[in-house]
Amino acid sequence: MTVMMDAEALNAFLARDFPQVAGSYRVEQVEETRLVARLVTEEEHLRPGGTVSGPSMFALADLAIYCAILARIGPVALAVTTNASIDFMRKPAAGRDLLAECRLLKLGRVLAVAEVLIFSEGQVEPVARCSMTYSIPPKPRESVGVRYGI
Amino acid sequence: MTVMMDAEALNAFLARDFPQVAGSYRVEQVEETRLVARLVTEEEHLRPGGTVSGPSMFALADLAIYCAILARIGPVALAVTTNASIDFMRKPAAGRDLLAECRLLKLGRVLAVAEVLIFSEGQVEPVARCSMTYSIPPKPRESVGVRYGI
Amino acid sequence: MTVMMDAEALNAFLARDFPQVAGSYRVEQVEETRLVARLVTEEEHLRPGGTVSGPSMFALADLAIYCAILARIGPVALAVTTNASIDFMRKPAAGRDLLAECRLLKLGRVLAVAEVLIFSEGQVEPVARCSMTYSIPPKPRESVGVRYGI
Amino acid sequence: MTVMMDAEALNAFLARDFPQVAGSYRVEQVEETRLVARLVTEEEHLRPGGTVSGPSMFALADLAIYCAILARIGPVALAVTTNASIDFMRKPAAGRDLLAECRLLKLGRVLAVAEVLIFSEGQVEPVARCSMTYSIPPKPRESVGVRYGI
């Protein structure tokens, strides 16, 4: 099995289809069942006390898992999150980016499952853990008119 | 048992402590174990195809549950989300606000549990379901120096 | 829409296909999107201190949700749990049966989502909350050779 | 930091306090943040088609996480599961034991979080993924009258 989209391809895809998040979130490493993504933490992701907001961590986990799936099946598919479970375990370190390490546990015909650990850059203990299920739509009969025009 | 903060008090609290979200999210109804919150959907909450983003729905559920707890224990406490589980079940209707109906299932000394159903306004079928656990810090010995200065 | 299997039909189905659990678990009420199931608590379900074990509560929630789905689609389908999230909130009362109140939130073509509150019989406060996703297999082309011979 | 209970001590603890499960479940390896437990699959754990039941997998994950915590804090504490999230990803292989690989992600003063992957023995792909939160009770003032008499 092989990776269909590398980090560069995934970041180009995000910049085109998700311009509102592409400035802050980016894919750094891609392997067959592993992916690392970064959140460049900025003012908008912070909460009182300098901690990164829950929704920003959720978004980072979601993006990492989405890209780990697209890395394998390509940008054609309209995969959507159906379930997410997240544990917030520690306060992120102030003034540091967050790194999400994603592991793809299952890539089935209709469902994919992956888990993510989120770290403050340079820290050993994870700040959050997340697992998600994605629903993968059936392949279209023909390859005409693919969704993203790529 | 009684409600310590009503919708007006909770919205004033959000405007002061969370100005970055208070423009879009607001509390509409507060009862002892029930709360309704609204997301005024705007461009920034949308994804391609006009659907509301997962992180925006997560933020709405989190805010509803946070406020349902503060309604009972007041604005002093530094309650934090420790676990969230969310099911995305249907695509939100385009051009409509989202409403979160929160039910407080447990308000313990150290943990609170609540669940939320999210609806597109005017629709019967929920678009998402979420449950969260909050950790409630121990009460300070004295009421000097409360966190939010209220 | 209509209910395809009532409580009697579901209990007969459990007795035939799941004889190892059918003695303790039974369906009591069935409506279109709501179902009540009972765990007759016995020695085997208990833990030190007289509390019902977590796996027994998990099994009760799973059975309630499984039956809520079968009530609608009939006994043909081989539906399987893909995700479960459960919060244990209070210690069950000693010497009482548990009741699971299930609400079917989504019954899609490939996924169903339901939630359950579990109560000690006669108590107002829930002891546990659970939500599950079921994967529903595609319908066979023909109705020959249905799975359960019913 | 050090391990307070090794595999032998944990299995002796299970045999004494949880005799109803100790015959089927056992701890095999214990490290500071990692533990392996085995379910010796027998008739009672199976469902039609030879697959291991969901509640049996839940019980295996719960036991692994419980023991991973006790390995660190000793048998004194009355730790209880407050939240569990589980993904069932593949059908277990027929006629094989299940192995749970547990990783302790957080061991705080009041909450612990751990995750588990469950495998059919000898298989590479996990059959299930589980994460749980445990609530750890405050330490008693004195060490008189410890709970388990060990």
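Before moving on, here are some points about what is shown:
Just so it is clear, A, B, C and D label the chains in written order, and each chain counts residues from 1 on its own.
The criterion applied here is as follows: a contact is a pair of C-beta atoms (placed from the backbone, for glycine too) under 8 Å apart; a residue touches a chain by one contact, two chains touch by 3 or more.
Please read all numbers here as calculations on a predicted model, not as lab measurements.
Shared residue numbers account for over half of those found at the interface formed by subunit C and subunit D, and the copies are therefore classed as meeting with the same residues. Of the two chain pairs considered here, A-C and A-B, the higher C-beta contact count falls to A-B.
Distance from the subunit B centre to the subunit C centre is 29 Å, each centre being the mean of its Cα atoms. Mean C-alpha positions place subunit A and subunit B at a centre distance of 24 Å.
Rounded to whole angstrom units, the spacing between the C-alpha centres of subunit A and subunit C is 34. Among the residues of subunit A, those in touch with two or more other chains are 82-83, 85, 87, 89, 133.
Interface residues of subunit C facing subunit A in the complex, by the touch rule stated above, are 82-83, 85, 110-111, 133, 135.
For subunit A in complex with subunit B, the residues that touch the partner chain are 17-18, 20, 44, 47-48, 53-56, 58-59, 62, 80-89.
Contacts from subunit D toward subunit A in the complex involve residues 85, 87, 89-90, 105-106, 108, 113, 115, 117, 125-126, 129, 131, 133.
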